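Every chain is named by a letter (A, B, C, D, E and F) in the order it is written, and numbering of its residues begins at 1.
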Amino acid sequence: MAKKLFDYQLDETVDGFFLLKDAEVRVAKNGKKFLAINFQDTSGEISGKFWDASDQDIEHFQAGCVIHLKGKRENYQGNPQIKIQQMRLTRPGEPQSVQQFVEHAPLKTSTMEEQLNTYVFAITEPNWNRIVRHLLNDLHADFFSFPAAKKNHHAFAGGLAYHTLSILKLAKAVADQYPHVNRPLLYAGAILHDMGKTIEMSGPVSTTYTLAGNLVGHIVLIDEKIVETCQQLKIDEQSESVLVLRHMILAHHGLLEYGSPVRPHVMEAEILHDLDELDASIQMMQTSLSHTEPGTYTERIFAMDGRNFYRPSNDQTKGAAPSHD
Amino acid sequence: MAKKLFDYQLDETVDGFFLLKDAEVRVAKNGKKFLAINFQDTSGEISGKFWDASDQDIEHFQAGCVIHLKGKRENYQGNPQIKIQQMRLTRPGEPQSVQQFVEHAPLKTSTMEEQLNTYVFAITEPNWNRIVRHLLNDLHADFFSFPAAKKNHHAFAGGLAYHTLSILKLAKAVADQYPHVNRPLLYAGAILHDMGKTIEMSGPVSTTYTLAGNLVGHIVLIDEKIVETCQQLKIDEQSESVLVLRHMILAHHGLLEYGSPVRPHVMEAEILHDLDELDASIQMMQTSLSHTEPGTYTERIFAMDGRNFYRPSNDQTKGAAPSHD
Amino acid sequence: MAKKLFDYQLDETVDGFFLLKDAEVRVAKNGKKFLAINFQDTSGEISGKFWDASDQDIEHFQAGCVIHLKGKRENYQGNPQIKIQQMRLTRPGEPQSVQQFVEHAPLKTSTMEEQLNTYVFAITEPNWNRIVRHLLNDLHADFFSFPAAKKNHHAFAGGLAYHTLSILKLAKAVADQYPHVNRPLLYAGAILHDMGKTIEMSGPVSTTYTLAGNLVGHIVLIDEKIVETCQQLKIDEQSESVLVLRHMILAHHGLLEYGSPVRPHVMEAEILHDLDELDASIQMMQTSLSHTEPGTYTERIFAMDGRNFYRPSNDQTKGAAPSHD
Amino acid sequence: MAKKLFDYQLDETVDGFFLLKDAEVRVAKNGKKFLAINFQDTSGEISGKFWDASDQDIEHFQAGCVIHLKGKRENYQGNPQIKIQQMRLTRPGEPQSVQQFVEHAPLKTSTMEEQLNTYVFAITEPNWNRIVRHLLNDLHADFFSFPAAKKNHHAFAGGLAYHTLSILKLAKAVADQYPHVNRPLLYAGAILHDMGKTIEMSGPVSTTYTLAGNLVGHIVLIDEKIVETCQQLKIDEQSESVLVLRHMILAHHGLLEYGSPVRPHVMEAEILHDLDELDASIQMMQTSLSHTEPGTYTERIFAMDGRNFYRPSNDQTKGAAPSHD
Amino acid sequence: MAKKLFDYQLDETVDGFFLLKDAEVRVAKNGKKFLAINFQDTSGEISGKFWDASDQDIEHFQAGCVIHLKGKRENYQGNPQIKIQQMRLTRPGEPQSVQQFVEHAPLKTSTMEEQLNTYVFAITEPNWNRIVRHLLNDLHADFFSFPAAKKNHHAFAGGLAYHTLSILKLAKAVADQYPHVNRPLLYAGAILHDMGKTIEMSGPVSTTYTLAGNLVGHIVLIDEKIVETCQQLKIDEQSESVLVLRHMILAHHGLLEYGSPVRPHVMEAEILHDLDELDASIQMMQTSLSHTEPGTYTERIFAMDGRNFYRPSNDQTKGAAPSHD
Amino acid sequence: MAKKLFDYQLDETVDGFFLLKDAEVRVAKNGKKFLAINFQDTSGEISGKFWDASDQDIEHFQAGCVIHLKGKRENYQGNPQIKIQQMRLTRPGEPQSVQQFVEHAPLKTSTMEEQLNTYVFAITEPNWNRIVRHLLNDLHADFFSFPAAKKNHHAFAGGLAYHTLSILKLAKAVADQYPHVNRPLLYAGAILHDMGKTIEMSGPVSTTYTLAGNLVGHIVLIDEKIVETCQQLKIDEQSESVLVLRHMILAHHGLLEYGSPVRPHVMEAEILHDLDELDASIQMMQTSLSHTEPGTYTERIFAMDGRNFYRPSNDQTKGAAPSHD
């Protein structure tokens, strides 16, 4: 089986097919153009520079292409990079499909759908159940294919659904442990909380923010969808149960500074916020640690206040990267 | 003509009809109940204590009653208060109507409506014009009767419309001076920016926050109304012009910390935010200064970081309180 | 069965035995002394004032006494209070034991011990296991009787062990869900993280901070105990596994501002911090909500940034106060 | 008529006369020297690199020279730049005057003087009027030629007077709208508020900060000038009217963090601060937006918290750059 | 010799002459007027309440009077207070002079003058020396009689000069230890740094802030005096040595947030700021600790972030209050 | 005598022996490897780049080598650098010893030991004296050879002892001036406060942080040593005098944000914190100013909020660099 990008050791010769995630034209100090590239496969991304790019090269090698690469795995200021020796587009009979190079959630879509359904069943409040089902139906394809973020945590295809599911599993543990928790409310809020990202972002590949994302933001975008859904399903949008559900989503960033227009004032909204942060943190730490040798530190993680994390020498638990099926 | 509350000098005998704005039952240090009262008429509010309140007193003297009061204008820790000597409910033939004791905007409703219309005419972008007219129509009564806030600035009947109008006048001056400003966008945003307060607050008298106000907030509440309006008027709610208009409202608090889910990223949204703050500040300073003797300081204004303001000795401009028609 | 403090309705006559949690001598505005009292039983605390206290009264009614009280359940500025009509020390044959009036953890000590043991078994790293057992043994009595804090969350007898156990249950759910988590490390850190409070605080009743608590603090106090334990057990205190364990405790407040001398730089330390906050928050919200009528708000919770929480009208989950066995 | 710098499209050949705003000697990665240049004309600035600079080149091409340039308009990491093909000093008969390449305020000096005078007339308080006239006279040349800042807003020749005039126009609108505003005070404060910049900065071209600017700052520098003026004009500098005027200038940055030694405690000082910020913000947004295509975002504006601003697709108002006479 | 206020033990009968530092008329909960008094002598201040004050009492007992008091030393919420039994104005032959009740610096004025002179001699830069002498001469009486602050540190008569002298002594130690320090600059800055307080504050007794203090502030007020002095002494006020001296004063609060218009950018300015804070902190801690029993904590000191300080049980050094000559 | 690195003027030819402080392999834009070097001798550090490094070069030129260098002193973006013309390892008979190129404290170790002893004698409290002596003995070699920090202040061999001694001298001046200061406590705390750095850092050359440094930190590391010492010396570690001493060290960073687990609550702890900051600041300013021409500014000092400092034109005091013996 073909080697993955992160299987190559320092100074080893790289030879294989990869996706060009980014290929940006820049001008070198000597005045010539080059391409600043990110190569991608399911093991992650590594950068490289294609020097002295001709106009034809620039036209051929665009983000989203699959290419064949020969080169050398080097280090540049502590980060891995590829020194490109030869690069060409793929030929007939060689891999063409972008899908096989993109990182995916560690669970299949069908598995995630099934697991999600068990949580939907547990939403016993009828209005919340109908709203959740309606929106899951409406935004189904995007919900299961989008990442949870452009970068940082769960920035892979299917990441939105996977992150949602992780929160639901934590939510179940919390609801089992604390009997005062309103389980249907917590589940409904968890499922909807980030669904606005399907409108805020452009899609699972080469993700950018939409104008609606920049000017309105995913929190308000999904709130509007809930209100629309109420009108279509003839649910009174001013009823207390709808207000409380909307509050779950509006407050889930926890602090106004993080973009929530209101802070949590319902217990389940506070819990949803906490679990959202907990899952995102663990996911970011796990990803970084799985690329880190025992006895050394991860790179600094921007979204965790720039902290780095130590992987203890004898810690076996972080040894294997999460398996991708 | 009858003397107003703020016409009485220190140690003068008070004798007249007033509104009980608040009448809260408390227990004194000696164990007996008393009423902590705020008397109100159009000149403002002054507190007083009704000692040794019987159960009957408590039942009679409730917030919202008009009463006849005899007492003495005193000072308590720097603030005016009334020492109550005699207090009774009004009798037939005496003033009963709450309206005449409540502070109103310095302009008549009809005047405000007229002035507002000239700004609506200037909204030449058809979708914005239709959305603004529809919502002005829909929320008409509340828009012209609600205060702009529970306390702080424009906390009087009609304050919401009056504050909106003040901003529009400043907006006109800005649009006249800076030709790059999109006048229709600035006007449309100004008219809608605080309209959600008609849903967030309970009404013009004894104002409290509604559940929707606490759990959703006026910014998102009016955003939802704009989306609904688009659906009713068959305007594409995802069109750029609607997104930009919604952004005007969503961003008008300027900072995330102040409850806007997004910061201003459109020039007119930044200007609207600045004018909103400017008008609120001037209104608060004017109100405090008009109760302040030349050569002394106002009380500390909570919403302006607790600063007090000096009224210069020879400053004639702040002499008269704003006239109430 | 005797009525509890919180069973009495507004204006109902109170008649029963209670603990004087505090009884502070103050001087009234009229110059006479009175006692500012907090009455306590297992349902919570309510304040009251004993007016015109004689020197003998002051001598008799001291914090820690059980008394018999007749009075009336009133409200003072939104908070419940007791108007004292008659108060006396208990007589022979009447309740004397402080224990039956003090709020306890909802689990029996023996149950908590048993449950805790299952987690200790799961600490498969031998040094961590020995350190944990040694300190649990050493501080056993205090660990199971102390509160987790002087006020705020888990401020009841046995609260420290109960809070520790709650975190362990959450930790199990997290370790089950995320295979990269080092379970023995997370459990060991969770058990030790607040154990320094047995040195920081004076005890389970009328809790105050010790000098060591004020000048050193519970985080460093337990760190020192770990180091001592290593010396006694001949474990190399500079070994990586001990440093990592100490880091778990030192970093568990998450931020330097909250008193941790280092921020979390090990994944399990970050998770421990998150779970500590999650359990404390839920506990505080549950306690407040269980005293709050459906359709109303709790009082503002100081340790949650002064936020209040809404108990939805139709929310059955928060109906019953947590049962005390 | 000759093309301006910003008239050239991407990849177009540049051929014309420009000012060298900066020409800094640096060492390339290959060890050879090059000049990092900013070319300037009235349409703005674009950077370029002059590779392999000889000692003679370095001597010739100094900041402040007018040169003839042949090159190509390219992009480097999102910013426009010129790839230099040929560059030489101008010859007799070719443009030599720096003035025609420097960006100027959009109004002629004589126009600004005239307009300013109408505001001076309206300062009816005799002391303020005399102080303002005296300082305008004293610092006349610099006041009308200096920029308002080294970079950020109004960083062009005449920017200081132009910014002052813009604020005065806003001040007039505010004074017309709010009758409590002391118009003479607001005008006098507006005229003087930034006049210290003529001492703080070195001049209109290649602006740097003076030692007095760094160690004392423009706020205190002009305050000192006011005090000196009082002594020369025999005005009592401790009189209330002078103290209030000085306060206008001292407080105009609004917050201590922004370098004001006192916060505004006079209504007109607060208003001056607000209008100063409003004009600076609009100027920065207008400048950026006029270089931005409809349907795209400006670059991030450092002095506005690094925000970028969207220029709506159909927004005609921002189409034309401000005309330079 | 007569007992001082702080010599009386709890519950002891007070009988002696004291100064009324404040005597504020308030209204009691029972509606009657009382005087909230602070009694003062050189040992400090203690509060008391004069109940049921008649109009004549109010007229007689004003701030600044010396009175004869009989009463009892009590405690009110942890703070000492006097229960007044009898109070009357002094009669002929009894103490009348305010001076003997006011707290003074622990050094005589003549001693402070002498000590200060030795530092002035060491200012070998002629301009700085002349400026310092001129201002010391000009503001001599106030400089040696004013407090250094209205409350917090050195809030006693002569406190300004005493605080200045303490800083000079520390400055000498620093200049002796670090040879790079410009001693004349540090001494000149130290002497002038707080001299503006003689204009900012009303005087040594019943100190309030002047209008100039509120609108301009002591930092800029003394800066202006330095500029005036330069003009009178024909020293070029724009010379580097004067700019650097002015910078010492302008920057001495260290941070813009603390009211300095510029941060320290000269080494001696940074040192002056540090020594200013160090002396103020020690003075506040010493004062509080000298009123605190060994083995207990001081009250919380507002100007030190509300911290309290522990006086160790066996610490003899803090036993005696600073002696007053 | 041989020229030092900082003796060479701009464009002068460098020819001499230096230490390679760092020699990091990087990849140039043209794809070839180069070494990013810091040359060091006792006058400081200057960077340089060794282009087109062969594998043999990389192997030879490693951090810690002494080399012979020919090159040219240039400037790169405002910072001095060396353009390398020729570089080789030293030959027999040429300088080999790293020690003579490393910057040392300005005092000899023996002098520092002697001076320190006089302060140890003054610690008259027996327990503190024994603890201090024991730890000084235990960590003797490292205490006198380690720097006080990896970079910023006192980052030279012997810097830890030198910094400690400077604080002690300031402490003596303070204790002499303020009689309430507990001199033995202040001295003992000063000697121990940074001793944990001998465990936190790897050593005096090429200093890095140890795992214990990163996970525990020097404050807690020395606290643990104090506790151990108590056990060995049979001193009760819970006695008040030990708690107070530990508090001195634990609180010496002043603020929780700076890594102290408790803020100072003992007067001497507050003073120690202030003197620590004062000495570090002066040291950083002196070092920068001694490399700065009169009439210009230092580079920005990161650890002083990025401020730069002006060296006045006529300031002779900062002329000479501190002498190294």
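The rule is simple: a residue touches a chain if its C-beta (ideal position, glycine included) is under 8 Å from a C-beta of that chain, and two chains touch if they have at least 3 such contacts.
If you want to know which protein each chain is, UniProt gives these names: A, B, C, D, E, F = 3'-5' exoribonuclease YhaM family protein.
None of the values given here were measured: they were computed from a predicted structure.
When the partners of chain A are compared with those of chain F, the chains appearing in both lists are C, D. Under the touch definition stated at the top, chain D and chain F share these contacting partners: A, E. Think of each touching pair as a link: the shortest run of links from chain A to chain D has 1 of them.
Here chain B and chain E face each other with different sets of residues for the most part; under half of the interface numbers are shared between them. Between chain C and chain F, the centres computed from C-alpha atoms are 45 Å apart. Between the CA-based centres of chain A and chain E the separation comes to 61 Å, rounded to the whole angstrom. The multi-chain contact residues of chain B, meaning those touching 2 or more other chains, are 29-30, 211, 214-215, 240, 244, 265-266, 310.
In terms of inter-chain touching, the protein chains here follow a pattern that is not a line, ring, star or complete graph. Pairs of chains meeting the touch criterion: A-B, A-C, A-D, A-F, B-C, B-D, B-E, C-E, C-F, D-E, D-F, E-F. Residues of chain D touching chain E in their complex: 211-212, 214-217, 219-220, 223-224, 227-228, 231, 237-238, 240, 243-244, 246-247, 250, 256-262, 265-266.
Chain C contributes residues 166, 169-170, 173-174, 177-183, 240-241, 244, 263-267, 270-271, 274-275, 277-278, 281-282, 285-286, 289-290, 297, 304-305, 307-310, 312-315, 317-318, 322 to its touches with chain A in the complex. Listed in rising order, the residues of chain E touching chain B in the complex are 26-27, 29-31, 211, 214-215. Against chain E, in their complex, chain B makes its touches with residues 28-30, 49, 51, 74, 76-77, 81, 83, 310.
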